[in-house]
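Next come two complexes, and both contain chain A; in the first it sits with chain B, in the second with chain C.
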Partner chain A sequence: MSSRFKSFLYSQDKAPYVFICPFVLLFVIFFVYPIISTVIMSFEEILPGQVEFLGLKNYEKLFSDRSFWIAIRNSVVYMVLTLILLIPIPMVLACILDSKLVIGKGFFRGVFFVPVLTSVVVAGTIFRLMFGELPGSLMNRVLAFFGHEPIKWLFSYGTGYTALLLLAVWRWTGMNIVYFFAGLNNIPTELYEAADIDGAKGLQKFRFITLPLLKPSRTYVITISVFAGLRMFTESYMLWSGNNSPHEIGLTIIGYLYRQGIEQNEMGYASAVGLVLLVLAMILNLSQLKVSGFFKKGDSIE
Partner chain B sequence: MRNYNIYKIRHYSAVMIVTILFIILAFIFLVPFISIALSSFKPGRDIIRQGLNLTLEEGQFTLDNWKMLFSGETMYFTWFFNSIGLTFVQVAVSLSICMFVAYGFAMYEFRYKSFFFFLVLLIMMIPFEIIMLPLYKQVISMRMINTWAGIILPFIINASTIFFFKQYFEGLPKSLLDAGRIDGVTEYGIFFRLIVPLSVPAVSAMCISNGMRVWNNFLWPLMVLRDPDKFILPIGLNTLITPYGNNYDLLIAGSCFSIIPILILYIVFQKNFISGMTSGSVKG
Partner chain C sequence: MKRGRLFLVGLLMIVAMGFAYAGGADETTAADGTTSFELWTYVEAHSNFYKEMENIWNEENPDRKISLNITVLPNADMHNKLQMSLQSGYGAPDICDVHVNSFPNFMKGVPQFEDMTEAIAPYAADCVPSRLELYSKDGINYGVPFHVGACVMFYNTEILEEADIDYTTIDTWDEFIEAGLIVKEKTGKYMTTAEGTRVNMLSAFLGEQGGDFVDENGVPNIVTEEMYNALEMEKRMIDLGISRVSPGGKPDSEECYGWINSGEVASLAFPLWFMSRFVDYMPDVAGKIAIAPMPRFEEGQDRSAGVGGTATVVINTAHDKDLAKEFVAWAKLSVEGGTKIWEILGFDPVNTKVWDDPAVTNDPDNKYLQYFVTNPFDTLREIRDEVNIIRSVEATPTISNYFNNQILLDVFENDADIMTTLENAQEEIMNQLS
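This part shows the complex of A and B:
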């Protein structure tokens, strides 16, 4: 071993750069380069063997494309509805499972958590067949039980979204319960003891201790749910077995991107779509950081 | 004394009611599993005709789907073992490199450190789907389409894994490093021989959260893989779904079977699973 190499191995000044070197390398190849090439491609039309400069035409086309706005609407509606369902329900379930109100907590915890482990492909297949249009499918039998005619669940907006949302609730309730459990564990028991001495009832304790002190967990769950909702693709892809659904009810933002880039191979146009989404994601991130107080120097988050 | 008894009775009846409600709810959560398990014993043509439901009529019962699954005549177990192999390789490569990088950020002060760490956060902020098309083009131009390398390489760097390990390393005593240096261990020797063995709990938590993500990964492998004998399970199962429904026998039994290994892992490592999957969330 030469002495120069040896001193390199012992150098505390050079070591950090060696440690972060794989990161920088992979970051440039698989992050910076693709983003730069997106920016360039977004001004071009890319056909096999020839590339034509289009200027801003891709962007003009984007804002006048009805499907794009449908995709945005669908993803936003999905995101908002999952927030409405997947924050309160898991929070209440977690609180009950954490209290002395249920026998067999471990069992219920397990039952709610197992769907989390199921792959979206399998879960989507199950739900598609449960919401089948024929009278024999499970959901149509449930309808028949209440004296209703069988319906084509996945063919219209309202019933299709019911299926999609039930799938989301089924797959995510267990996960969010676990996040709220972590939050509940962080609440000091002395607070409840003090409340007991003051004669507080169960619901009062929930309202004035549990609910406010679960805020960090809630903020975390909201943050991940906003992004998970907006980037949803596989759920709808599996439920409608492909990227094409009747009247585009299952078309999401990512589905639109996939259609333009992969299915129709319009890389230039798809790049413009990707860049608009990139800007939207950054705006969302910045507003999220602002809300959580990231820019206020000296203040700790939460 | 009488008041106390009333209180007790009230409490127990509340417990009864809530528990019964939870049993109903648990049943609803299990319906998808029950219906697919029952259907795996039905002929495929009945599934096309009826979809999934909770009945298993007499004369419907058959073991053909399961026999077909284990006959070795289908691609199913090729996909199954591809999935297991890919999960192992990707988790191992990604965790090793993320640990290495996180160590640099956690233990040293250097010029532009905050800039470089900002880049890590940037990856966390931009969902992969937004750059998937240029990434796809990049992978094609590197001739890595239809290979495991093409699936793995772009996702070796995982920002939340780096973040997690950085926090873990920062919690280790710095005096360890000095002790190693006094004993004449190189900077890299300290990492590999002192720090890595101390990181087993952190690694096992990350194995579970990363493993789950890779095992269930769908969109990116769908874009990269072309040959059926290279497919992983989710991609393979997806190809069984055709409008003609001629593969439903295999699809249902195969979907059913794919749940079992994870279920067993979960039952054995229940505590680790939960802590592994929440490792990114709010810290106490």
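This part shows the complex of A and C:
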């Protein structure tokens, strides 16, 4: 190796660029470029070999498109409900599993984490069969045990969403528990000892030490959950075995993007849908981070 | 250092070999004059059919041998890949199967498929014309059909005998409903079922009356008398308790296979390709199912429509397009091809000469003929001139979405007013397509 090359590698002002080069390249090629071309495509109609500039027509159509609003409503409702379920439950479970009182901690941690490792496709298919409409399906047998008539689970909004949320809770609780574990481990034990000396009870310790100090973890989990909720697609696609569901109850924003872009060959229109999703997710996440004080100096997430 | 260099040389060799292989794959004509074609399909059974046709072709045309390189991909996946490759102009196969529901997407703008009109011409006189027309745009044929998909009635003879009903005397839907009430009374079973999440059945009822989802210019037009008649008839049967929305939402679902298999329903109006579902998934009703023409709405109207289907197309980037086109048209429309389509796939072939060949229609070893009480070809011959077209145009995927996801269930299960529902949907569809 020549010495010039060596000195280049060891130089303090140039070498860092070499090291971040792979990331920057990947970022530009697979992220910046697609986003820019999506923005351009959203103003166009795209067919093989013939691209036509439409101006704002795609967006005008979008805002008077009822299916699109159904998709937005479904995605937002799903996101809000998953936030309500998937923040408190895993947080409490993490605290319980972290306490010294529980026996078989390792076993329970494993049990909660196993669903995370399963494929959504497999889980979705199994949930579809469980929530089948015939009297023989698992959930209808449970109902029959309580003397209730069989229900067509996936044909109406309430019961369909129950299935969808159960799937989400079953699948993501374990992951969120792991995030909260990490947060719990960062809380210094001295604080709890001090609280013990002051005579604090278990619940008081949870309320005044654990909850406030878990804030960074919570901010992180909320941020990723907001986006995961908005971009949900596979779960509903598998549960209704396809992108079509009765009364469009399973139609999400991504599902609508897929329908327009892939199923109906309207790439330009689908780009517009995608950009609206991006804007929506950005607004929600940035305002959430702002409220939680993420951007304030000196109060950063560790 | 030395070892590192050796590793580098090895890596380079692997890369070079990769390029060499990729280069080799572009060779399309082998030394013995065999032309190879890349073919994509989304049904495993179709690939068996193509392999068989390849063998027959090579025996008959030793100087123009072909070799098919068949790739089977999942339905949605294959259509996505085809769309992407056409969009980017790179990587498309030479020959491809395209489902009738996806076909209109590829007709947007300038079709990237080859004009098949000339290749079809030698067989056109023997074929059901509406099926050829289905895969055309502006009078040019772009795809070759597999089957007619003629809609017929599948009757469970055991249930009907129990209720003393002779299905061969049922000529109109009104008579059918009367019979249904008797079946309900005597056996407690459903007379028929309504499809709630797909439009196969609705298409059949529309087609019988000469109706369609679009007008002659391909503009959506769902607020029609024919549409009202079809939905009203299905809804009336549900209200009378002689019909219900199929388990699973549609007959072509596991739940409904099980339901039919357990002998809970006396009849079903569906395309003939459902025969293969009976044979594969409903063994318990074997020897009990009869095939007959559908009842008609009014005296003088027709009794069937062609529903569903797969077009085989030649992509405009194919090499030796003429050979590809000739092979595709021969494989799917000739008497030989039609016979194999029936034997291997169990479809009603488009070439009507096959329907008249006793060697085919009375073959004692055929599993489809063994399964059913009546001979499907008798029914086909009876309705030969009554198989109407339900067109598949650019607006079709959007219209189908509205019916699949909203209109049908709103009408059947939520008691929505038919006309109001249709009018609202018409407005929304027009907005989407603007």
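Assume the second predicted complex is superposed on the first by the 242 of 302 C-alpha atoms of A that agree within 3 Å, B and C clash if a C-alpha of one lies under 4 Å from a C-alpha of the other, contacts with A are read in each partner's own complex, and residues count from 1 in each chain.
Convention: contacts are C-beta pairs under 8 Å (C-beta built on N, C-alpha and C of every residue); 3 or more make two chains touch, one makes a residue touch a chain.
Everything quoted here is computed from the prediction, not taken from an experiment.
In the superposed model, A:G199 lies in contact with neither chain B nor chain C.
By the document's definition of touching, both partners, chain B and chain C, reach A:L134. In the superposed model, A:L278 lies in contact with chain B only, and not with chain C. Using the contact criterion defined above for the overlaid structures, shared-chain residue A:I35 touches chain B, although it does not reach chain C. More residues of chain A are touched by B (comparison of chain B with chain C). Using the contact criterion defined above for the overlaid structures, shared-chain residue A:Q50 touches chain C, although it does not reach chain B.
In the superposition on chain A, A:G158 makes contact with neither chain B nor chain C. In the superposition on chain A, A:M267 makes contact with both chain B and chain C. In the superposition on chain A, no contact is made by A:G147 with either chain B or chain C. Chain A residues 132, 134, 262, 267 lie at the interface with chain B in one structure and with chain C in the other. Residue ranges on chain B touching chain A, taken from their complex, read 14-15, 18-19, 22, 25-26, 29-33, 35-36, 39, 47, 49-54, 97, 100-101, 103-105, 107-110, 113, 116, 119-120, 123, 125-127, 129-138, 153-154, 156-157, 162, 186-189, 191, 212, 215-216, 218-219, 223, 233-234, 237-238, 241, 243, 251, 255, 258-259, 262-263, 266, 270, 273-274, 277-278, 281-282, 284. Interface residues of chain A, counted against chain C in their complex, comprise 46-50, 61, 64-67, 132-134, 155, 244-248, 251, 259, 262-265, 267. By the touch rule above, chain A contacts chain B in their complex via residues 9-13, 15-20, 22-24, 26-27, 29-31, 33-35, 37-38, 41, 96, 100-104, 107-108, 110-123, 125-127, 129-132, 134, 136-138, 140-141, 170, 173, 175, 178-179, 181-183, 185-186, 216-217, 220, 227, 230-231, 233-234, 238, 241, 254, 257-258, 261-262, 267, 270-271, 274, 277-278, 281-282, 285, 302.
Put simply, chain C touches chain A in their complex at residues 76, 79-80, 83, 86-87, 89, 102, 105-106, 108-110, 112, 196-197, 247-249, 255, 258-259, 397-398, 401, 404-406, 409-410, 413, 428, 431-432, 434.
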